[in-house]
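Naming follows writing order (A, B, C and D), and every chain is counted from residue 1.
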Amino acid sequence: MTRGTMTAEEFEALATRAVPYVGQLGLRVRRFEPGRVDVELPYCDLLIRPGGTICGPALFALADITLYGVVLSLVGRLELAVTTDLAMHFLSKPPPGDLLGEGRILRLGTRLAVGEVLVRSLGRSEPVAHAVGTYAIPESRDEPPGGRGSRVGEPGGTLEIGRG
Amino acid sequence: MTRGTMTAEEFEALATRAVPYVGQLGLRVRRFEPGRVDVELPYCDLLIRPGGTICGPALFALADITLYGVVLSLVGRLELAVTTDLAMHFLSKPPPGDLLGEGRILRLGTRLAVGEVLVRSLGRSEPVAHAVGTYAIPESRDEPPGGRGSRVGEPGGTLEIGRG
Amino acid sequence: MTRGTMTAEEFEALATRAVPYVGQLGLRVRRFEPGRVDVELPYCDLLIRPGGTICGPALFALADITLYGVVLSLVGRLELAVTTDLAMHFLSKPPPGDLLGEGRILRLGTRLAVGEVLVRSLGRSEPVAHAVGTYAIPESRDEPPGGRGSRVGEPGGTLEIGRG
Amino acid sequence: MTRGTMTAEEFEALATRAVPYVGQLGLRVRRFEPGRVDVELPYCDLLIRPGGTICGPALFALADITLYGVVLSLVGRLELAVTTDLAMHFLSKPPPGDLLGEGRILRLGTRLAVGEVLVRSLGRSEPVAHAVGTYAIPESRDEPPGGRGSRVGEPGGTLEIGRG
């Protein structure tokens, strides 16, 4: 990777300092491997919604940052990578408690990366939310031509991780 | 509406007090008509992300609350209505500044409501984000049978607002 | 299951006869277990698009029918279950050849079921498309109250299958 | 537009001949203006599903082709433009009859275009389905640098059409 790799600590610092609206959540990076990133959202009163469950925007923030980590774990410190779409399904209302977002890459292309995140309450198997989304990868001067594989939408060399 | 209607002031109070993670954003309800709700997100430093633009989770929070308002503007004070899915597309990186979410109903059924939100920077026509999503409407004891129309997925009496 | 269970043969008959636009594709059910259903789309010239790859609507048809199978594998022969939303991501352009849709449940509630499908070219690990979507489950007279668990969006007894 | 523009007739020929699985539907292009394209799906028995309504994959095919038209109406004859994601919401079960997909651009960038489609039964105002999705635009040698505006995800010169 010509841009250098990123460590879990570097990504946690980025996730908690660079985006204040997300940073105040105190996210903790629990896993940071190429294409596989888990992020924990510790419970706090800020997260509650009517009915006594955790609000949707906090779940979105967790999913979005987890996907950001999945992408940066593969392409290095390209902070300007941006979400272009994210489709969330809310599966069950999470009671107050810590949550874990488990993210993985579905496909890494030259210009676009697609990944998914499953959110669970810590210690319970029942999923709370599912997200799938796309990140646009900014061009990098020091990248060799054809470096990271073909774009999404074209056959060719890509990195992907199969189910299970 | 057997549950009574809701006013813009009541919805703004709900949006800013009941969900603290969203409430700290200081959202202002600019329009609150049945099936048409506009919500403003005033800019503050909490919202910034790398690159100097407004972060995705704040856009999601704005879109989600706007959709919540669209649904409550039609079904009354059913605070326990919950998002079941929300698909967001991020269209352009919004520079620091106030944003407006313009929401409208696409279809109101007995159990599910689908609506969409277009987010713009105030004073600019270029859209910043688009969201479309579903809310599940909790059952209400005092609702007459067949009251709000058929469920999504069945022909029959529904309320919807056409494009434009 | 008060409505009786369904076999792979019964589901394949339903998938190939009841919906002619899909039936002409000659789908084959390769796996039909509760919450886990795989469906094969055999290649034919009907499926081609400019560039010599398989067209998106055929991938959607495969994903939608696979999800339909996932739901019917759990709730029995409720043919009137309908898709309420489906979010597809196209990951790579599949060359001419047979495809396999691997579907699984994410959450089964009383009124809504959410599942996901990963589509691959047979014999290749690279994913071609990902779909996640919701089916609305029609009410059934002979179902005991509270029978299949709580609705999506509420904590409670549900059936779900964890990630791999 | 350096690649030359496209006419409604040329797009209809492309939609009905180049993709046989879609072409057999006999789609008719009813409007073809830059960023605004309407496509009609004439009813035929091929489209039916259990319950006597029109099947989801036919609605997806209509929405996808309408979006394809929206993109080609702006970028010219780039047949290799491909859908990267498409999120559909099914709003009501359409009875047998002709359908109309009304498509419009939300944002046209250099590499990605996002648009939406509302599907109605002809002669009825009630919407049947909503789709929003992204097309990846292949690079073109004869395009001037920076020609079509910035990429989705960056501020800058873009073409977009406001809501109604």
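Keep this in mind: a contact is a pair of C-beta atoms (placed from the backbone, for glycine too) under 8 Å apart; a residue touches a chain by one contact, two chains touch by 3 or more.
If you're wondering where the values come from, they're calculated on a predicted model, not measured in any experiment.
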Task: Centroid-based (C-alpha) most distant chain relative to subunit C - done: B
TODO: Mind checking the centre-to-centre distance between subunit A and subunit B? Centres are C-alpha means, answer in whole Å.
DONE: 25
Open item on the list: Taking the mean of the CA coordinates per chain, how far is subunit A from subunit D in Å?
Closed with: 30
- [ ] Please set out, as single numbers or ranges, the residues of subunit D touching at least two other chains.
- [x] 82, 84-85, 87, 89-90, 93, 114, 134, 152-153
TODO: Examine which chains touch each other and state the graph shape they make (line, ring, star, complete, other).
DONE: complete
Task: subunit B-touching residues of subunit A, taken from the complex the two chains share - done: 14, 18-22, 24, 45-51, 55-58, 60-61, 64, 79-80, 82-90, 93
Task: Residue ranges of subunit A in contact with subunit D within the complex - done: 82, 84-85, 87, 111-112, 114, 134, 136, 151-153
Task: subunit B-facing residues of subunit D, complex - done: 53, 87, 89-95, 102, 106-107, 114, 116, 118, 125-127, 130, 132, 134, 150, 152-156, 158, 160, 162-164
